[in-house]
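Structures for review follow.
Two complexes are shown next, each including chain A; its partner changes from chain B in the first to chain C in the second.
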Partner chain A sequence: MVTRLRVRDEFFGLALILPASLIVGALIFLPVAQSVAMGFVDYTLRRNQDGVSWNNFANFVYLIETGELWNSWRITLLFVIGVVTALIVAAVAMAIALNQRIPGQRLLRSVVLLPWVTPTMIAALLWMWILQPQYGVANFLLRRVGMIEQPISWLASIQWALPSVMVASFWRQFPFVFIVVLAGLQSIPVELYESAMIDGAGFSRRVFSITIPLLRNVIRVVILMSVIQSFRQFPLVWTMTGGGPIDATETLAVLSYKQSFVNLNFGRGSAVATVWLVTVLVFSVLFTRLVRTREY
Partner chain B sequence: MRRVIVTMVFLLATIGIVLAGGRQEGNAASVGGEGSPFTIRVATWAVQESGTVPYFEALKNDFETDNPGIEIEWVGFPYGQLREQVLIQAAAGNPPDVVQTARPWLPDFANSGFFQPVTGLLSEAYIADIYPEIRSDLLYNDELYAAPWFYGPFVVYYNADLFEQAGLDPDAPPTTYEEALEAARAISALSDSEENRIYGLGMTTGSVPVSGGAVLTMLMSFGGGVWDEQGNLIIDGAGNREALAFLKTLHAERLNPEGALLKDLRNLFAIGRLGIYIDQTWGMNGVMAINPDAADYARIALPFGTENSPPRSTLEGHLLTIPADAEHPEAAATFIEYVTSREQLAAYMESLPFLLARSSLGDMPELQESIVAPIAAGAPGVITAVPKHPKMTDLFLELTKIAQMVTIGGSDPAEATAAARAWADREL
Partner chain C sequence: MAVGDSYRSVRHALYYATLVAFIALMLFPLYWMLVTSFKPNIEIYRIPPRFFPDSLYLDHYARTLEDGYFVRYLWNNFIVASITTLVNLIAATLAGYSISRYPTRITAVISFGLLSTQMFPVVGIVIALYTLYLRVSMLNTHTGLILVLTATTIPFTTWMLKGFFDELPKSIEDSAFVDGASRLTVLTRIALPLAKPGLLAAGLYSFMLAWNDFLFGLTLISSDKLRTLSVGISLRYLGEVSYDWGQVTTVAVFGTVPMFVLFFLFQRYLVEGLTAGAVKG
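Right, the complex of A and B next:
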């Protein structure tokens, strides 16, 4: 009798999750599986295409032999590491600063959120104007304060294009990271700081012995989300530089898009996307295993 | 009992989800029998541009009035997305009936098989009226795959005021790259009222396909290009090395804003900080949008040649194509002939400077009054047909890359052309 009831419970549970599972499966897992499979065949966008067949890793071999995959992978890692590191450091610092009782605290918190409500495409166009070499405000200000003599072609320079796009990406993602860290900060009991102060702990001691350890779980989640967000940052890079100059900003996302939608070679585009997917998965698994959640 | 009902509801929902995943069969709004009203879907980026919105509203009204029973539905996409979106719609079996097409996309469309020749759909007289140089550039496997809405070569725009300030004759603009270099040096010696640098000669080399078209135009005018007339690769030839050496000189002497997109050049020209630049004829619209007074100093000329080679240009045009699976191909052809009629082109010309692709329209008064009038007669002669290679868009991006290599990358022209050759051997 007990067994029969358990089976009915399980059937009932399965029935409840079946529609959602089908939707998720059809809209997420199926396209991902199809994309991975396409990476192993010759597939270009053509009408009446002959059947596709296994191509013996030709897409991957091409991408490795031309050096495109390695270049994009390296640029993507630089992009992700640079942006996420800057995000975490700046968000923690800003959250600590704006968690104090200072004049204009509410206004500042609201202003910090502005980039978050700006659509990515608009943000890209905005930064293109700011960084425009001849009449952009960045060069204008830097020349006014005497930091540069000649205008810098931020987005047309091999040296500066990637850092410029990273700054724009940082600006776009910062509010989300900041607000999550601030929320985490506000959940830390004030009594801990008060007792630390009674014991004579200074500001830096309180930050490194109370704030950072107690923010560990929040920072862990935020790093994971920022890494994923940065890995899939495409519209900003594509709009601002198109992957140039001379492939200096060709991230995996840009390379995948170029192969798929510029060359209409979905086989190669999917091969890039597969490498991209595996990279994110490996990072996520390693990160969640190495940096475990702690209970306080 | 309650559990059974809930389970049944969820199972029914599951079945509903599965059944809802079917393919859309036809456009319900446009399905109709013979004589029934129907809708043609026209994919365009121009309908989204604020300067031409009034024209497109009037066009829709005029067409629907003159063609009872056919309605137009604009399918608007930004320029940068239209090519991909249309191909995806075509692959899904639900393409628009007419597609506004930039010339560099034509090889992709024709090669994909998702588009059909317009030869049997447009009248013979209409096709025969298209300038032969333009018609030959729109052929794929000897079939005409697009009707030109309007066209232009890459042209030279120059600032007559800056010419005078630099001691140059605005009525005798340079005709060769050698002369243009001298003029650029003279103009670059000037500065504006706020002591900002004025650039002599703007050549777009940004990482976008249209810049690749401009680079190819320059390569061809130096006697180079990608293929010779027999179809052999000449991408590492002497003409291209000479052209890249010219570009390197421009960069070394800081006569050209580096890595510029066309919109950057238009902006600089609009604010009087660029003496000469290469653009599509309709690029002047972007200039005027920023500074309407630019009409007072802007002049136009045919693209430069060199001392040893005549001026040449890729065909830059807005074309109209018909997908193979278009639901109403005949109505699509009717629309194409209507939108390229004398009256409609005259109305469109009020908001956009362009050249007309058919010989019977050469006497239009609106053309004679346009900024492009001085080059109208000579323009068809500089158009050079480019093979419809399926990797044309990629090729254009590769050409911007070799231009960037010799400028911001500091490479030698021979090094850049060798890299291009290696790429071409692999890809073309």
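Right, the complex of A and C next:
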């Protein structure tokens, strides 16, 4: 009787999870597997696709020999590391600041979240307008305060294009990291701070001995999430620079898109996507192994 | 004593100054979008720029609403995001409930699989989907777009909803079982009504994600009539050389304001739903 009930339970549970599994399996897992396979064959949209065959890593060899793969890999890492570092530092600092009793705290908190609900493509437009060389407000303000002498073509400059895109990406991603860190902060019991204050611990002592260690698990999750998010950041880069100037912002996502939907070479595009997949997987495994959760 | 006080007030002032500067940085782009959209072109390209406009100029708005394209992009986006949300909620609710209440080894594998989709390269997915849709004639249809957007949002909403079901006291459901209710009745009559805030949060989240889509709409839709918001903006209002910034900021306002309205109406649910998973996980 009990086992029959349990079998029915299992059956019911599986029936419930079936629709989601089918949709995700057919439209995410299958395509990902297929694109990994496509990385190893000649596959262009221009040619008749009967009989695609193994091409001895030709896609990878091409991408390595032209230097494009290495360039994109390097730029992606720069982008991800820069954005995520800035995100974590700023989010922890701001969460600590806005967790104090200050006037208008609740309004401030919700207003800080607005960039998060702004569509990514529109975030790209807003920053393009701010960074516009002749009439953009960034050049105007920076010249006014004397930080630059000549107007800079931010998005057309090899030196500045990547940092500019990173600023926009930071702006769009910050609120999410911030609310998660803030929620983690609020789950720390107040008594800990109170007893630390009674023992005479100052503000910075409390931050570094209580807040940061107890936020460890939250920060760990948030790093992983924002690294993965940053790897996927296609709309922003594509809209703001299209990967240029001269490949200076050509992340793996942009290179993969360009190879497949501009050059119509799906094999090479898939090869790039495969490198991207392996990079993220290796990072995630290493990160979760090296930085473990801790119980308190 | 006096020295200590002034030191403290300097520190306070610095603290507030940094706080204000940072918040200004976060909000300025949105403010600037709004201000620019209400300026005539001659004002937009004025140096020095006017930070507080003295009048509201509505021509960009009238022009955008009347051009015959933009309203359609907005409508298409609304339809695609709404149906995506609906399908997503049905599938994700059932899946989240299953993982929470009927855990087996298979559901454990599936839920891990759902989480791991976040790591997959989106462009790789789109490349393979393109060839798949080409074969089954689903390219350039809203159905195809809705399906893939549903698939990409299900993993996150399933986890959100699983978190909500975990929070619900199981004892209520157990007593219903004792009274002889079937599993399906317990799900639809007891668990679902209790999980309403979670459903709301998950629904909003998937709506926002679908509204935000760019890559899938860009690659899988080719006719202008079916185009969604972000792609429509990018292909119609961003020229090769110079942009009409008055109109660009106006379409940006139209694309953003619906999200702001939803956010301010429901932010409590949204924030709770989002943070629940991440903080515990």
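Things worth noting here:
In this section, the second predicted complex is superposed on the first by the 273 of 296 C-alpha atoms of A that agree within 3 Å, B and C clash if a C-alpha of one lies under 4 Å from a C-alpha of the other, contacts with A are read in each partner's own complex, and residues count from 1 in each chain.
Just so we're on the same page, contacts are C-beta pairs under 8 Å (C-beta built on N, C-alpha and C of every residue); 3 or more make two chains touch, one makes a residue touch a chain.
A quick note: this is a predicted structure, and the numbers were derived from the prediction, not measured.
By the touch criterion stated above, A:T120 is placed in contact with chain C alone, chain B being left untouched. When the two structures are aligned on the shared chain, A:L16 is found in touch with chain B and with chain C.
Applying the stated contact rule after C-alpha superposition, one finds that A:S270 touches chain C and leaves chain B untouched.
Of the two partner chains, neither chain B nor chain C is touched by A:W54. Touching more residues of chain A than its counterpart among chain B and chain C is C. With both structures placed on the common chain, the touch criterion links A:G184 to chain C but leaves chain B unconnected.
In the superposed model, A:F208 makes contact with neither chain B nor chain C. Of the two partner chains placed around the shared chain by superposition, chain B is the only one that A:G242 touches, whereas chain C remains out of contact. In the superposed model, A:F261 makes contact with both chain B and chain C.
In the superposition on chain A, contact is made by A:Q132 with both chain B and chain C. Residues 8, 12, 16, 19, 23, 26, 132, 134-135, 261 of chain A lie at the contact with chain B in one complex and at the contact with chain C in the other. Residues 8-10, 12-14, 16-17, 19-21, 23-24, 26-32, 34-36, 38, 90, 94, 97-98, 102, 108, 110-115, 117-123, 125-130, 132, 134-135, 137, 140, 144, 171, 174-176, 179-180, 182-184, 187, 218, 221-222, 225, 228, 231-232, 234-235, 238-239, 252-253, 256-257, 260-261, 266, 269-270, 272-274, 276-277, 280-281, 284 of chain A are the ones touching chain C in the complex. On chain A, the positions that touch chain B within their shared complex are 8, 11-12, 15-16, 18-19, 22-23, 26, 45-48, 66, 132-135, 153, 155-158, 241-247, 258, 261-264.
Looking at the complex, you find that chain B touches chain A at residues 3, 6-7, 10-11, 13-14, 17-18, 21, 84, 87, 90-91, 108, 111-114, 196-197, 199, 206-209, 257-260, 264, 267-268, 271, 273, 324, 390-391, 393-394, 397, 400-401, 404-405, 408-409, 426. Contacts from chain C toward chain A in the complex involve residues 15, 18-19, 22-23, 25-30, 32-33, 36, 44-45, 47-49, 87, 90-92, 94-95, 97-99, 101-104, 106-107, 110, 113-114, 117-132, 147-148, 150-152, 154-155, 158, 183, 187, 208, 211-212, 214-215, 219, 229-230, 233-234, 238, 243, 245, 248-249, 252, 255-256, 259-260, 262-264, 267, 271, 274-275, 278-279, 281.
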